[in-house]
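Look for subunit A in each of the two complexes below; its partner is subunit B in the first and subunit C in the second.
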Partner chain A sequence: MSTIEKLREVILKMKKKNITAANLTPEARFLQDLSFDSQDQTEMLVLAEEAFGITVDFQEVKNMADIAAAVEYIDKKLSK
Partner chain B sequence: MSDPVFRLVPIDCGNAALVGDVFRTAYGDAFPVAYVYQADALLAEITQGRLAAALALDEENRAAGYVSMFKNAPNHNLWEAGNLVVVPAYKQTDVSSLLFAAYFNGVLSAGTTSDGLMGEAVCCHYFTQVGNIKAGASDVALELDQLDGPSFIGNRTGSARVSCVLGFLENSAPNSPIYMPALYAPILEKLLQPLQPRVVLRDAAPLPTTGTTRREERYYQSVQTWKFFVHSIGADWPDFADEIVAEAKRRGVVSLQIILNMACPQLDAAVQTLKSHGFFFGGIAPRWFGPDGLLMQQVLGQETEYEHIKLYSATAKEILAWIQAERAAMSAGTGS
Partner chain C sequence: MGPTFTGDKLHARIAGLGIYVPETVLTSAELAGRLGVTEEWITSRVNIHARHIANGLSTSDLGAAAAQRAMEDAGISPGDVELIIVATETPDRLVPSTACIIQDRLGLVNAAAFDLNAACSGFVYALTVGSQFVASGACKNVLVVGAEVLSPFADWSDEQTCILFGDGAGAAVLQPAGPDIGILAWNLGADGSGKDILTVLAGGSEMPITHQAIDEKLHLAKMNGQEIFIFAMRKVPAVTEQILAAVGLSIDDVDLFVPHQANSHIIEAVARRLGLPPEKVMMNLDHYGNVAAASIPLALYEARETGRIKPGDLVVLVGFGAGLTWGAVVIRW
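Up next, the complex of A and B:
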């Protein structure tokens, strides 16, 4: 399973209203398109830590804008 | 559109009235701490050294949030971080991170010269729990079903109650020995590990035959939570346990908590009494009395919805696992 597919599963697990797998394109912006706030962003990252077996530096990802940036960050962590 | 820029300002007589406005946007007039709506009372708390607080203002000096530390424990050198509120219109900005950072970066400098900083994080989301852990705090206790779910703004889980995890950052070395109840030694030793070294005694004195139990209490009627802080144990201890459980049921209390002073030599016996009255483990409240406190608790008239409890740290998950195992053993009649 690719990183983006797994990340989609993570986000869908959050059961946030109006979010479907189809919304979760690489271009989807957390704030504007997915209506994420800081609690949502934190929950996604906590679930991603579990799902991918990585440790997230929450300061580093503070300004992460969209799904593509999240995938890039996770891939970078996985390659270390 | 660029992200708004915020600044934190201490509360003073010029802006204290804005605090009530902030809380009304999130809680109406229902927030259980009355002074947040009363500028004079708020300023009095600050002047008397029981509160350190700041407002986040946007570029046009509109209040976007509030953060505070306050003193609630019997140990007046212990601060509690709490009552962080973000005005809903600013939920999608970074103001919550700015407010949260104030606990640890010296903006609310009151906490830095204290015995420690206690933070209560709700378990219906991860934001505060993650912030506590990343700032170096350790999770030390879990207050099961402490808040009323439907009236708690920010509870997206839909659960009837919201649990809270206690995080603690220790700023000074403890100077009082504590007693270790044998039953909880395995979990307590783990919880004490990240804290500064303590003298731990394993003697177990029987319940006293004289004296009365010295305690104070906090009753939060709006959330059906009742807390007792027990400074010392007297000959009336079993009667005290009988009475508060009966009274809690009469009042419709859901979360009944007792924090026992761990400097009491009778701690082990006192725990056994509480267990026979339906109490189970909660964790440790470090430096609560000066010496540490042991949290015992029970949940009345509600089934805990464990599946809705979101926990971040491995330690918090371990506390929950301990509680579940203890409650299961008590239900099965095998709890010691």
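Up next, the complex of A and C:
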């Protein structure tokens, strides 16, 4: 399973309104397109820690704008 | 996983519960007016519509009233109590303990008394400590109190934190029980490297109260909400699953999950992660706010009074908060 597919599964588990696998494209912006607030983003990243077996440094992800950036960050953590 | 109990001989059970909240209610509408924000700004963030404010009452005033009701609920007399533990981060005084003040107020002449500070995990910590005195056979009646007057420690000009806190107390009487009911298992833990995440800096030996400390508001609670959220999300689901597994149970066996009432977003995110439907998750912070060590007994009492806990139910209490500390208790009601 690719990183984005797995991240989609993580986000769908959050059961946010109006979010389906279809709108979780790489270009989808957390704030503007997915209506994520900072707590939603934190929840997603902690769930991703467990799903991917990584530890997120929350200082590094402060300005994470979209799904593509999240995938890039997770891939970087996985390659370490 | 820190110290863990999964004993199978003598257990402690909760034989009585009581709560007390002060009469003064501060609604989020009123608080919004003072802060210059809208009510919706508060409720959408924390889902708290009102909180009780001590308004001159002390932690022992609230705790004694809750303890009195718990003793009546258990059908015991003050002389029956052999130990009182008060979980609080807002004691009446630095010395003596609030437990001693309540012991005197209620005439618990045969009781040893001490306070325990594990912040928002305090009630779960105190319940586990008290249960050891029962499970060892040393005590037949232990009074465990969670009581807080947080309002004097809130920075009422800081809209990020003051919207959260409330005052109140809850108490439980622990008595011996057979092998199949009562506290089946518990787990406690701490990570003191997170000591600065939620703290009151001034007023202790590290930083005695000075005019300067007060001018800089260092005698008030400072909190990094995001760090607390990350900690809760990382720790609470894992601890819950581990302690259930330790006694051969799973999350599907749980009838009611009673977490510390920190804020609704944390509770909902933890419940989603655990796969718990809303009807199995106790939430009552909408009318009490976050009452630290009192929040779990306030929630547990309301759950019992509204029929959400029945004899034989499996109930899981999970505390988490400043320290950092956490603790989970599995109870067969």
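Here, the second predicted complex is superposed on the first by the 80 of 80 C-alpha atoms of A that agree within 3 Å, B and C clash if a C-alpha of one lies under 4 Å from a C-alpha of the other, contacts with A are read in each partner's own complex, and residues count from 1 in each chain.
Keep this in mind: contacts are C-beta pairs under 8 Å (C-beta built on N, C-alpha and C of every residue); 3 or more make two chains touch, one makes a residue touch a chain.
Predicted model only: the values in this text are computed from it and were never measured.
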{"item": "A:13 touches, of subunit B and subunit C: first, second, both or neither?", "value": "second"}
{"item": "Touched partner set for A:78, first subunit B, second subunit C, both or neither", "value": "neither"}
{"item": "Which superposed partner A:21 touches (first subunit B, second subunit C, both, neither)", "value": "neither"}
{"item": "First (subunit B), second (subunit C), both or neither touched by A:42", "value": "both"}
{"item": "Touched partner set for A:31, first subunit B, second subunit C, both or neither", "value": "first"}
{"item": "Subunit B versus subunit C as contact partner of A:65, first or second or both or neither", "value": "neither"}
{"item": "Set intersection of subunit A contacts, subunit C complex versus subunit B complex", "value": "38-39, 42-43, 46, 58"}
{"item": "Contact footprint of subunit B on subunit A as seen in their complex", "value": "31, 35-39, 42-43, 45-46, 58-59, 62"}
{"item": "Contact set on subunit C toward subunit A in their complex", "value": "226, 229-230, 233-234, 265, 269, 272-273"}
{"item": "Contacting residues of subunit B [partner subunit A, same complex]", "value": "91-92, 94, 96-97, 125-127, 130, 134, 154, 156, 310, 312"}
{"item": "Touching residues on subunit A, where the partner in the complex is subunit C", "value": "13-15, 38-39, 42-43, 46-47, 49, 58"}
